[in-house]
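Here come two complexes built around chain A, the first alongside chain B, the second alongside chain C.
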Partner chain A sequence: MINIVLGLLLRTAVVLTGTAVATFTLLWLAPGDPALAVAMARYDSIVSTEIIDLVRAEAGFDAGFWPAFRAWVFPLLSGDFGRSAVTGRPVLPDLLSAIAYTVPLALAGLAIGLLISLPLAIIATRNPGGLLDRFAVAIASLGTAIPAYWLGLLLILLFAVKLAWLPAMGTRTPLHILLPALTLGLGVAASLTRIIRSGILEARTQSFLPAFKRRGVIDSTIGKDHIAPHAAIPVITVLGLELAFLLEGAVMVEVIFSRPGLGSFLVNAVEARDFPQVQAVVIVAALLFVTINLLIDLIYRVIDPRIGESNA
Partner chain B sequence: MRSVITLTILFIVLAVVGPLLAPHDPTAINIPHRLSAPGDEWLLGTDALGRDILSRLLYGARWSLGLAFLISVIGLCIGTLFGLIAALGGKTADWLVMRTTDTFLAFPELVAAVVIAGVLGAGTGSLIFALCVTGWMRYCRVARGVGLTLKTRGYVIQAKLAGMSALSIARWHYLPALLPSLAVVWTGMFARAILGISALGFLGFGVQPPMPEWGTMLLEARLHMRSTPLQMIWPGLAVVMCVLAINLAGDALRDALAKENNAV
Partner chain C sequence: MTLSVSNLCVERAGCTLLHPTSLTIQPRERIGLVGESGSGKSTLGHALVDALRGQNVRVAHVPQSPDEALDPLRSMSYHWREAERALQCTPDRQRQQQLFRALQIHQGNLRKRPWGWSRGMQQRFVIAMALIGSPQLLVLDEPTSALDPVVAARTMNLLDSVLEQNQTSMFLITHDMGLAAKRVTRLLVMDAGRIAEDAPCSSLLQAPVTPAAKALTRHRTWPAPC
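What follows is the complex of A and B.
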């Protein structure tokens, strides 16, 4: 077990290092003079060459690729994300407050997704190929094809403009989270329904189930103890992918609903060419993502003893 | 199945000949008739600059579907190449390729695409680059996975013993065996590329105005959502129908292949 954990941690470290190098290289090679962009963003007017040179020296752009990379990475290891190139404020507090908006949204979206997809999939698989089942599959196919930004706009149109039941823009009251969470949740529900449904159907084909049945084990026990664990494995894999979907969805949804979360933070940072902020978001997103996948890998091994130690 | 194929072909035909069917110039500005409701002259109405929405949708199909096709094919080539290198190249190559793939998979595609497209400067070139960079990993994983199972097949071992080079084994034994699974991945990635293009367009990092791309159209329509909600419905509906048709075609393809495998 220790070997597996160490192997997974090593893999995580390699991936994170790769991410850091790739991000930094991209920003380094980006067209245009980054110092000019920073100076323009900071002073909001035409600036003299002395100021540009000053900014360049201050940001370490004049030192060459590797010194600049080291100057960025080593503070990063101790949690210092540097200062915003535009406002000059430390990146970390702003980033944390953005995360504080995104995490509840993502969790609410995930909860809505599970609340819809679990019952729907269980009801649908009662009678595979039946009317309800085909309805669930059709809804799920439609749901995966609808882009989050369009769904969000439609929900705003329906609930905020036509019916005026729910608030749409901003984050003033707790109610403001409902529409964005619903937008995210419906998308999650669509893909989860498909996976849970096929997971249950697949688990039903296990050859030992008829044996339990003939021995007189009641259906609910078979379902709980023998079908559910098997169906859970693909679902857990997909939950990891759902996280990616949630982060992606959050980017779009936050922009549509003007929520000051990680997505808006990213889009604003990219638009302002505020590279320290962009780097921070990318690293945090990668860290989040890799950690979740690491946890999922570990959970796998706990719930599915068949996954051998050799797979590490 | 047949209806799905018909629908998919219909979209492809529309993307190719769409501009011929367009009743108006998609960039012709007509301020007196801005934001007009659907009617005889403008079948789906006009946008904020008085441009005909139907014509813009038809021209936009070329951007959305054409670019998505290009991006998914580039991804297919890159991913297959890397996957084959991983499967055939020995342990070190395999480790390197798979860790690179893991790194690229370590962030959500859209986040990476926004960063790449935004940093390189908004435009069609950066859009294509961004979506290609974030869209080849699935092909690579599938190509490697199937490739590894081929390694122990009799005919591959025979070919090796007969002195065939790794390159020709890859060309004549691996590629044909990989094609069905890659085709299924490709349909999925094609649909994702359509969504990606319109998402970046919607965020303002994609195809730039006045080019009529569906996501960009949505971005413009959003401003007038309250007064003319219909204007926002059309481009979204176009995206949904395309993606749905392609996804269903992909599902049908996968089922057909599974059936064939079972029969053999």
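What follows is the complex of A and C.
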């Protein structure tokens, strides 16, 4: 067990190191003068070359790649994400408040996705190849094909403009989360329905099931205790990927519904070439992904300890 | 009680796997079913179990491989409890321990899942599970193929005594003519989805009539030490 945990932590460390190096290098190599962008974002007007030089020295851009990298990475190891190049405020509190908007949205999207896809998949597999099944597959394919930004606009048009049932913009009340979460959830529901459906159908073909029937085990027990756990394994894999997709998709949905969160944080930071902020977002996103993967790995090991027995 | 089924028939994808077959099984009768691979022995076994279950006969089935009997994600104790529940038996630890000791799997860890046990132990566990409800008929599909000869003989001896006590009939599907010669009194020979020959074991082994039975008895390996 200790070996497994150590192995997982080691993998996490490798991923985070790679992310840090790659992000910093890419930003460093990106065309354009970051000092100019920062200076313009800071003063909101045309700036003189002296000010640009001042900004360059302050941000450490003039020191060369390695000194700048070290100056960023070593504080990072103790959890210090540095200060925004534009506002001079510490990055972490702003980032955390942005995350506090985005994570509930992503989770609400996932919950809506599961609430739709689970019953739909179960109904569809009652009669595989039947009318309901084909309908569910068609809906799922359609859902995968529809981009979130278009779906979001349609939902705003229907629920906020025509029917005036739900608020569309901002975060004033808890109700404000409904439309963006629905936008995310419908996209997730589409792919989840397909994967849950095929997971159930696959689990039903297992060779040991007839023996359980002959032993007199009732159908509901077979479904709950023997089909569901086997069907859950591929679903959990996809669930992890979906969560990653949701965090990513949330960025776009936040822009559509003009919600604060990681989306606007990232867009503003990139526009202003605010390196510390961009790097912080990427590192935190990588951390989230790795944590989700870790959780999935551990859940696997609980359901089926054979998985990962050899590679830990 | 005499058990009988008539017109068992299995078709799959337009192909007849089992032609209409009727069978009568006397109480405590030991029937062997032999035949070449693919002749429909297991299919007949399944159809027999399903038909008798439909008549509310207490019938237990031991599949050919433990992979076909145990869920790899569930513990052994889970399987046992579930089988007891399915037969509406009250949990009886003493009976369980008695069966496990007789089959020499009492040292197995019941909290483990099937793949934590050896295949031979899994197979004996499945046999023990089949004996839970004192069935009227026990259908065994190649019960000893995963066992070494010593354990196989011991398992068959145990089955003999349990079947004797409970007045249970046995339907033994096997490739092993030696096993059949020793353990059954009536032998059925299966050929291409039909019962080709049905005769007392000793007379069939000495004077087979049909080509299928002749082919099977050509290599005289019995009486083998089984």
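Convention: the second predicted complex is superposed on the first by the 311 of 312 C-alpha atoms of A that agree within 3 Å, B and C clash if a C-alpha of one lies under 4 Å from a C-alpha of the other, contacts with A are read in each partner's own complex, and residues count from 1 in each chain.
Heads up, the rule we're going with is that a contact is a pair of C-beta atoms (placed from the backbone, for glycine too) under 8 Å apart; a residue touches a chain by one contact, two chains touch by 3 or more.
Everything quoted here is computed from the prediction, not taken from an experiment.
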Exercise for review: Quick one: on chain A, after the overlay, do chain B and chain C clash, or do they fit? Just give me the call.
Suggested key: fit
Practice item. Return first, second, both or neither, reflecting whether A:248 touches chain B, chain C, both chains, or no partner chain. Key: first
Practice item. Rounded to a multiple of 10, tell me what angle the C-alpha centres of chain B and chain C make at the one for chain A, in degrees. Key: 90
Practice item. Could you look at A:229 and tell me whether it touches chain B, chain C, both or neither (first, second, both, neither)? Key: second
Review point. Chain B or chain C: which reaches more residues on chain A?
Key: B
Practice item. Mind working out whether A:271 is in touch with chain B, chain C, both or neither, as first, second, both or neither? Key: first
Practice item. In the overlay, answer first, second, both or neither for which of chain B and chain C A:218 touches. Key: second
Point to revise | Which of chain B and chain C A:166 touches, first, second, both or neither | key: neither
Review point. Is A:47 in contact with chain B, with chain C, with both, or with neither (first, second, both, neither)?
Key: neither
Review point. Tell me, in angstrom, the smallest C-alpha to C-alpha distance between chain B and chain C in the overlaid model?
Key: 16
**Study point:** In the complex with chain A, residue positions of chain C that touch it
**Key:** 46, 49-50, 53, 60-61, 63, 67-74, 78, 82-83, 85-87, 113, 115, 129
Practice item. Report the residues of chain B in contact with chain A in the complex, numbered from low to high. Key: 99-100, 102-103, 106-112, 114-116, 118-121, 191, 195, 198-199, 202-205, 218, 222, 225-226, 229, 232-233, 236, 239-241, 243-244, 247-248, 251
Practice item. Mind listing the chain A positions that touch chain B in their complex? Key: 11, 14-16, 18-19, 22-23, 26-27, 30-32, 141-142, 144-147, 149-150, 153-154, 156-157, 161, 244-245, 247-248, 251-252, 255, 266-267, 270-271, 273, 278, 281-282, 285-286, 289-290
Review point. What part of chain A is in contact with chain C in the complex they form?
Key: 206-208, 210-212, 214-218, 221, 225-226, 229-230, 303-306
